[in-house]
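In structure tokens below, several structures.
First chain A sits with chain B, and in the next complex the same chain sits with chain C.
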Partner chain A sequence: MTRQKRSHHRLKRAVAPYLYLSPSLVIIGLLMLLPMVTVIGYSFQNSAVLRRDPSFAGLKHYQAIFNDPVFWASLWHTLYFTCMSVIFHMTIGMVFALMLNSDRINPTLRNVLRVLYILPWLFTAVIIAVIWRLLLEPNGVVNSVLMQIGVIGSKVEWFSSPETALHAVTFANIWAGYPLFMVSLLAGLQGIPKDFYEAADIDGAKAYQKLIFITIPQLMPIIISISLLDFIWTMQVFPLIWITTGGGPIYSTEVLSTYTYKLAFSSYNLSQASASAVVILLISLGLTLFYIRYQKAR
Partner chain B sequence: MAEVILENICKTYGNNFRAIDQLNLSVEDGEFLILVGPSGCGKSTALRMIAGLEDITSGSLRIGGVDVVDMPPKDRDIAMVFQSYALYPHMTVFENIAFSMRLAGKPKAERRKRVDEIAKTLQLTSLLDSKPANLSGGQRQRVAMGRAMVREPAAFLMDEPLSNLDAKLRVQMRAEITSLQKQLGVTTIYVTHDQIEAMTMGDRVAVLKGGVLQQVDTPKRLYESPVNAFVAGFIGSPSMNLFEATLKGGALVSRDFSMRLQDAAFVGRPALRSYEGRKVVFGIRPEHLYDSNLESGRKYQTIPAKVTSIEELGSEHIVHLNIDAVRVDSGDPDAAEDFGLASNAVARFEPVSAIHSGSEIRLAVDDTKFHFFDPETHLAI
Partner chain C sequence: MRKRHTPKDRLITVALHVALAAGLFFAAFPIYWMLSSSFKSNTEIFALPPTVLPKAFTLEAYAAILGDPVKLRFFFNSYFVAGAVTVLTVLIALLAAYGFSRFNFRGKGSLNTLIISTQTIPPITLLIPFFGLVVSYGIFDTYVALILTYLVFTLPYAILLMTGYLNTLPRDLDEAVAVDGGSSWTALWRVIVPISLPGIVATSVYTFLLCWNEFLFALTLTKSTSMRTVPIGIQLLMGQHAFEWNQMMAMSVLGSLPLLLIYLIAQRFFLAGMTAGSVK
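So, the complex of A and B:
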């Protein structure tokens, strides 16, 4: 091979991977990076989008949202909503996965339960919101059942009372999201060698000791990965809250996504909305970096 | 330490498949018993029943004089080494070995002392802080042994513990386990499908086929006096050659050859005379067939044979041959591998043998080493 041919071949080999990557890079650039950079730019402008030549605003909009008590309430609600959702998704997912993996349950019943337990996952956020609005209506099924069994004395306005609204939307989100954990943990459980449990049986392990010393450590990589992903996704939940409570009553279910949406499309304060969006982006980015570092460490 | 006694043990699964049928076995205190048989013969099921990991359908099982049929595994005073070792990957070697003591709530200092002692015996001291993933196959095997030893059980149960190791390491571990068992003196029941392990490790060997015990004996007696054609074919590598021939006038007669039997053959087996004029199955081990051109084979009768292939192993030649006789299937599914498509007999020749593939030879047969079996029942005559 001549020297020229060889260098041409080398160049082709060096460029080829980037050519293969280019379609996805173009799409990511156009649909993700460009809007992201634009929004970051808006957050530093006065009257972004609304004026043709917006002036530079510095950190004014960030100051504004950090001085807004509703923003801090939204941040707190987001954290509560997200943490409770992830904890209960994991707990319920784990309990159901253990049940579905158990030999003690009749195989037919197990198959029926598997379908039933996975149902919430099949619904879109809008349908889930509508179902729970109907169920939790003052004259809905939940109130009627709770009153009949004597848990509550009078009808509770679950979504309309500031005391219960945040718990109610969190509950609906927990119901909607546990199947992801259940399915992932079930797959993990099925991958744990049976020998581990048999060896533990011979060593005299009780059921809870097998759970603590074998099952949970074996599932830990899945638990951490799915929890981090769930945390990132749940932080950004919008339709469920928007349709059930719209962030109300009196901001009691306002989360960062509804807060930002209202700034943009109710108040038309797109600059401040962009600043709020950048805050969400930074929190998500922090979690994502943590997730990537964890994955790399594995 | 204790004796393990199985009486009329049966195991029937839900689909009426009988995995173990009337198993009677008595393992002496401190004895090393090997359970051997081809895949699916029920040997692992039998071991798991002794461990309590499988229910016993019927029969009685006593360990150290105590009936353990209805006892959970932890109360049977046994320890088991699994084929996969079942080491917990998230625990260190120390934690793996100390696991049963931790479950039993033993103080940390006691755990440390006991594990250190065992690690010293098994040469694992420097590896106590390592995770199983960082160990070699042999080291993992030793950790599994350590985990069994820490319980100081009445009996060790081992389920094909060497099958995941490469051939060289297997030889080394075979010797290590045997000497460890002798040193500890703990009753051991060891399952394997490898008859070399069976022959080299055990005090006695129990051969199983289709859930039925065929013979329990010392390795030497199993080899020299198999009770049926299955045991004859299963024990020994390469397998014993089994053929059908007619017994006529004190000779084994086939289409192309006739081999005169020595009187001694009838003295030891008076029943053989009753087969006169009838078919009989005769068996001869590969090492009792000789190259008639060599000094070692000159004194024996010869029969015609065709060499189909030769495996030159350096210390010996494994010669695949075709002789004019109907080969009898011993019932061992693995035995078929010893014979090629074109051959029906195997011989072990000295490495000085000059025969070559495709040649027609005279095969010398040591007629004092024949085994005889009934053609219908395959039982030894």
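So, the complex of A and C:
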């Protein structure tokens, strides 16, 4: 009797975790994994979604994309936008974190500044886009100040001239994204044992030596994992670019996400858009594998 | 300990404070500009030279937004969708997190990896199949479409965040329930949930934030003005009256209010969610 009861209990313990996980797994399976398979399927069909019985297209849509100069331009813009964003997010985040962590400022000021430095992170991409459009309007405050101090001679159309648009959206994205690094690095800095620095002081180390030989190596795991996540997420940015420039002028800020969106919902070429979406998925998955491997190795 | 009063040392302290001020300007000026523009008249926004403080302080932009039922509907939609997704996400994630945190089972490692990797799936990749599904099930332009799709993106974060929190709670608590003959289900609701409130709040805050900010799916899966959320509303406002900058700024301020309030009231919960992706 008791043995039976115990084995019943054991069976319940064995099944329970799957029951607890089942709602999540059903949702992730049906609404994430299945759509991923579906989109791969679409990319091999003619008139996917639009027709009930689409015919098999082979690699046609992939060829179309790889022969499209706009695709390659988008890839290049995505790469520029992402690399610059990650590099500056990291640099600004690091500088702010180090400044806030200094024992030269008083604790109240530090707390106030910490709250204020995080501010850009609190705003939705759409709002960030609108704010920067107002700031960078040809008649806006940035042009007016820059002209007054003589940096520029005439009004610059930051978002609507092909020479500056990509830099302008990248700058707006840099502004919006550094707080993630700052907060993570600040937490990391507080976790570095104080004796490391005391030992370095006894050896007569200079401030920059402590930075290079203690602080940065200690923060390396955080820097690498946040950079990878930031890279993956920045690569997928859509609303900021959609609202500021819409990919223009003349494709100068077209990135993979806006390129794919336009193929799907402006040209209604959902098959070719699917092929492009699969390419983005593959790049993301490659980076994700790298990220997971790194996390496991840690 | 440290020699503090050498001239060189004082210079470094002064330089640091100058740099802090510059950093503050960089971080806060755009936000200040949004706020101050929302209290200006539309003609004053482009006055030359620009006015740092509104010369003629006015609430006309706010009155225009809050007096327009179409725009109030955007806010209702955003609150409703974000609220519904938050409740569902937290419930479902709590169960999954309990399974991950309190049981050992076959496939645990791979499932955990699966959930971590779903965080990085590009939204644009899922958009096209979602569009196909939503249209074929006849839920295009409904709350259901938005709620279901948002759930997929909030769930992985919520599970990781909740699992992390449950792992910090001592196991003896729920083991005590098991010794008394209670099931794991009883232990979850009687013991775990009451002491997990901070974790639940942090997860809710982060989920709400993700939904509130969502743009791509709201843009594509809804069509009628009465179904649009705040981010889309702001974009529509830009299309309609390209020059009503004060209204756009007022709407942006109102659209940022929930996040700002949550941040100021519950900073630690907010930061817990913000770094959630990177801790695990």
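For the reader, a short list of remarks on this structure follows.
Methods note: the second predicted complex is superposed on the first by the 281 of 298 C-alpha atoms of A that agree within 3 Å, B and C clash if a C-alpha of one lies under 4 Å from a C-alpha of the other, contacts with A are read in each partner's own complex, and residues count from 1 in each chain.
Keep in mind that, in the parts below, contacts are C-beta pairs under 8 Å (C-beta built on N, C-alpha and C of every residue); 3 or more make two chains touch, one makes a residue touch a chain.
As the structure is a computational prediction, the values presented were derived from the model and not from experiment.
Considering which of chain B and chain C touches more of chain A, the answer is C.
By the touch criterion stated above, A:Val49 is placed in contact with chain C alone, chain B being left untouched. Residue contacts after overlaying the shared chain place A:Pro217 against chain B, while chain C stays out of touching range. When the two complexes are overlaid on their common chain A, residue A:Tyr80 makes contact with neither chain B nor chain C. Looking at the shared chain after the overlay, A:Leu31 reaches chain C, while chain B stays out of its contact range. Touched by chain B in one complex and by chain C in the other is not one residue of chain A. Interface residues of chain A facing chain C in the complex, by the touch rule stated above, are 12-14, 16-21, 23-25, 27-28, 31-32, 34-36, 38-39, 42, 48-49, 95-96, 99, 102, 104-105, 109, 113, 115-127, 130-135, 137, 139-141, 144-145, 148, 175, 179-180, 183-184, 187, 222, 225-226, 229, 232-233, 235-236, 238-239, 242-243, 256-257, 260-261, 264-265, 270, 273-274, 277-278, 280-281, 284-285, 287-289, 291-292, 295.
Listing the residues of chain B that touch chain A in their complex gives 51-53, 72-74, 78-80, 82-84, 86, 88-91, 99-100, 103-104, 147, 151.
In the complex of the two chains, the chain A residues touching chain B come out as 193, 195-196, 198-205, 209, 213-214, 217-218, 220. Residue ranges on chain C touching chain A, taken from their complex, read 12-13, 16-17, 19-20, 23-24, 26-28, 30-31, 33-34, 37, 45-46, 48-50, 92-93, 95-96, 98-100, 102-105, 108, 111, 113-118, 120-133, 135, 148-149, 151-152, 155-156, 159, 183-184, 212-213, 215-216, 220, 230-231, 234-235, 238, 245, 248-249, 252, 255-256, 259-260, 263-264, 267, 271, 274-275, 277-278, 280.
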